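Each of the next two complexes has chain A plus one more chain, namely chain B in the first and chain C in the second.
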Partner chain A sequence: MNIWVQQIIQVLISGIVTASVYAIMGIGLSIIYGISRVFNFAYGSFFTWGAYLAWVLFNTFSWMTYPIVFLIVLPVMFALGMLTERVVVRSLRWRANWQVTTMMVTLGLAFLLDNLALIVFGGFAKPLPPMFRGGLNPFGFTLSIQDLLMVLIAAAVMIVFGLFLSRSFVGMSMQAISQDMTGAEIVGIPIKKVFSYTFGLSTALVGMGGILLAPRYYISPHGGWEPFFRVFVIVAFGGLGSIKGTLYAALILAIFEAFISWSLGATWVLPFWFMVFLGVLAFRPSGLMGTWG
Partner chain B sequence: MQLRKELVTFIGVFVLLALLPLFIHQNTYMVGLLITCLIWGTMAAVWNFTMGYAGIFTFGQFGFFAVGAYISGMLAKHLGVSAWISMPAGGCGACLVGLLIGIPCMRLKGSYIALITWALHLVLGPMIKVAEPLGTGGSTGLMSIPSIQIGGFVFSRTGLLPWYYTGLMISFLILLVVYRIIFSPVGLGFVGLRDSEDFARTLGINEYKYKLLVFGISAFLTGLIGAFYVHYAGAISPRILGLDIFLLVMLMLIVGGIGVFPGAFIGGFIILILNEILRPLGPYRFLIFGAVVIVAIKAMPEGLLGRLNRLLETKRTDSKASSQALP
Partner chain C sequence: MLELDKVNTYYGEYHAVRDVSLKIDAGGFFMIVGPNGHGKSTLLKTICGLLPTASGRVLFQGEDITRWSTDRIVDAGLVYVAEARHLFNDMTVLQNLQLGAFNAGARKKMHGNLAYVYQLFPRLKDMSNRVVATLSGGEARMLTIGRGIMSRAKLLAIDEPSFGLAPNVRNEVFQKIESIRQDGTTILLVEQNVNQVLDFADRICLIEDGKIVFQGDKQAALLDEHVNQVFLGE
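Coming up: the complex of A and B.
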């Protein structure tokens, strides 16, 4: 096979793999903003903390494996998210300027979490062990099993989440709140509780993203900001509130990102995201298929 | 003519600052600290003007600061332009960037503006590194930037008093501009928009135009401070976009009170002096500051000085009310 074609396929695969993780994190950001109407600036810090918690588990227990890590870390992240909503955000809601104050308070939380990570784990980047060694060689190009697993896990999460939204009581309450908060409150949906769950769920999703991406990229105390920014661009591009839109946006942008980093170099990746962001906002602020605008 | 309380505080603070070196001029450390306070306090005041008065939730002030600093530094270093020309040029460059960002985003909701401006902050570091061929100095930064000079007198790095008074003058002019706008019809329009958006709109206040105007002005002023900073410090690197200094300036804003006029400027002095006192704590300092942000916003969303202000006002109205009740 032609070496160029082979390389392009390799880049494409790498794009799809990152896209699947971005999509999970995008859903998390989309629900937190769409349902609880709070912009959570600590989202990137939760990304790092999810990965750090996994790192702690791997370094304390030599027998640790990824399924157990997920089983322990995800509930912890869920609880952390709920705690954040209860302790940090709730009392500010509906008060004067609450959209600014919640942004600033979560920014403060982000600084707190980042600096805590810096003190506890130090400034050096930390790796997570690979999820799975080895790879497949279909048609002459390599496909590592780890990448395959990442895509499969992400797909499973998205399917389960879709079912949760359309079948479960909490999921349906979330949809109702995102469509009409006052109406949802009138018909007796416990919106405060749902806000808590939303925070928890979103934090668990981003923590999962952190764990999935950590074997490919390293974990560092301030390392959550860039993924956070990318995910926000994805959500804005796909349209807030549309899971399908988020999915498409993640695919398109992550593949573009992979090609840019392959052809122009990694320094151009962030400027690229920024240009996309400005373009989206200038020409179609509601995104590809946004419902909340 | 009745003097506004804000104007009295503003002038008073600057008179105090102008006299302060009489007592501490031998102490280079103190003068240096005061210059730093001036720079960041003014920056916080401009941020407060944009966020607290105009209601634009910008997190991109450091971006404008860096743009102004880099343009001025590069003009002075590579082209030998005098600092008196390169500093306003830096401000204009920052203003241009501000307008480029402002035009698409001023129509959007607050949280989008916050994100776009924050994105500018995040993206500028990599952009500066990419633009190394243009003379930005890449990740090591721009070194040995020429100092300011008046006539034949070159400001030295050891005698800090000329720096102090130049900084004081620039800072005074910037705050004067801010003050003039806040208490002009435009500023009142903003207070209207902030407090009751729909009503202000029905009165015919064009939100978009005013917001863009204020955003441009605030970018210009912030760029100007950045330009002064770069000549004073003599060097700049993408580290200026780090999160620690951002946290400090945000704290100034919170302590000073969002939407309180000279508050953030005074907050700058409080926070930076506190920062010096807490320096022995090392990295724990920023942990504490992060916690302070959360606690402060939760306990008093209007800021420390705003709270004090309100307490004073209620006391005054109380005494007025009681004096009216007892003729």
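Coming up: the complex of A and C.
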């Protein structure tokens, strides 16, 4: 096969792999804003902490495997998210300018969590073991099984989440709150409880993203900010609250990112995200499929 | 069934409901009338827990519900039907009705209540898979009432059902509300437009500036000079 075609396919694959993880993190960020009306600045810190918790498990128990890590860390992240909602957000909600206030407070929480990580784990970047070794070689290009697993896991999470939203009563109540909060209160949806669940779910999703990306990149105390920024741009580009929009935006932008990193070099990646962000704000603030606003 | 004892509510700084006391009997059709912006809707929202009560007590079926959250009040059977649509616009008619049955008690009765709503509003049955954003004003009003019934309401607190509707549609809506009452649900209704509802109501209360200025049955209302002045233009 032509070497160029082969490289392009390789880049495309790498873009799709990161896109799938960005997409589940994007859904987490999007529901927290669409449903509980909070912009959570500590989102990136939860990304980091999810990965750190996995690292602790791997380094405490030599027999640790990824399925068990997910089984332990995701519920812990869920609880952490609910706790954050209870302690940080609930007391501020509905006060004057509470949305700006919660933004500031979650920013403070981000600093707290980041620096806590710095104190506990130190400044050296930590690795996670690969999820799976080995790869496939279909048609002459390489496809690592780890990458394949990441895409499959992310796709499974998105499918399950989509079914949860449209089929379950709790999922439907989340949609209801995002569409008309007063209407949701009127029909007797305990909106405060649903806010907590949403925070928990969102935090579990970003923690999952942290664990999935950690074997490719290292974990460091402030390492959550860059993925957080990318996910934020994805959500803005796709339209806050639109799951389909988030998915498309993740695919488009992550593939672009992969191509830029390959053709122009990794230093151009962040400027690219900034330009997309400015472009969205300038030309289509409601996003690709913006609905919830 | 529902009793208010010197209830006060503030809307921001504004003292919107002042010392309101009233008593609604089970099975009745209680109507609160009054000019626009005089605290009628605020009173309903206060009763249903959507706005905090500043002072006073609200008793529903003998229980003090003043500090209850709305979901608990709904579960007890006191259900608010909003004047603005407050429907879930991107969902179907059926999904909206299902969400009406969110509380645990109502969920068990969902099939029976759905059949009842469809029998009452056959149009909703025909449109059950339509997205709510495409409904007309009258259809949406029917849906808000149907959604209230789905919550297994014992008392429906309906906020200005005639608001923004053509006269013939209004009439239909009131007929439906009356038949809901005949089937055993107590009705508390807020209206600006008195003439059409007077036939149905068995007790009337006039609110001005957040205060009750008249309370009595239909005959008394027709005889009361002030009520006549305000509403019947005499």
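Simple rule for what comes next: the second predicted complex is superposed on the first by the 292 of 293 C-alpha atoms of A that agree within 3 Å, B and C clash if a C-alpha of one lies under 4 Å from a C-alpha of the other, contacts with A are read in each partner's own complex, and residues count from 1 in each chain.
By definition in this document, a contact is a pair of C-beta atoms (placed from the backbone, for glycine too) under 8 Å apart; a residue touches a chain by one contact, two chains touch by 3 or more.
Predicted model only: the values in this text are computed from it and were never measured.
With chain A as the common reference, the superposed partners chain B and chain C fit together side by side.
Touch criterion met: A:P271 reaches chain B, while chain C stays clear of it. In the superposition on chain A, the chain among chain B and chain C reaching more residues of chain A is B.
One geometric descriptor of the composite model is the angle centred on chain A: between the Cα centres of chain B and chain C it reads 90 degrees, in steps of 10.
Of the two partner chains, chain C is the only one that A:M172 touches; chain B does not reach it.
In the overlay built on the shared chain, the residue A:W262 is in contact with neither chain B nor chain C.
Contacts of A:F164 after superposition: neither chain B nor chain C is touched.
Shared-chain residue A:D180: touches chain C; no touch with chain B.
When the two complexes are overlaid on their common chain A, residue A:F132 makes contact with neither chain B nor chain C.
With both structures placed on the common chain, the touch criterion links A:G188 to chain C but leaves chain B unconnected.
Remark: least CA distance from chain B to chain C after fitting both complexes onto chain A is 12 Å.
Chain contact summary for the complex, chain A toward chain C: residues 169, 172-173, 175-176, 179-180, 182-192, 291.
On the chain A side of its complex with chain B, the touching residues are 33, 39, 88, 91-92, 95-97, 99-101, 103-105, 107-116, 118-119, 222, 225-226, 229, 232-233, 236, 267-271, 273-274, 277-278, 281-282, 285.
Residues 48, 50, 69-71, 73-75, 79-82, 85-91, 95, 98-100, 102-103, 106-107, 147, 150-151 of chain C are the ones touching chain A in the complex.
Of all residues in chain B, those touching chain A in their complex are 51, 57, 59, 101, 103-105, 107-108, 110-112, 114-116, 118-120, 122-123, 126-127, 129-130, 243, 247, 250, 254, 258, 283-284, 286-287, 289-294, 297-298, 301.
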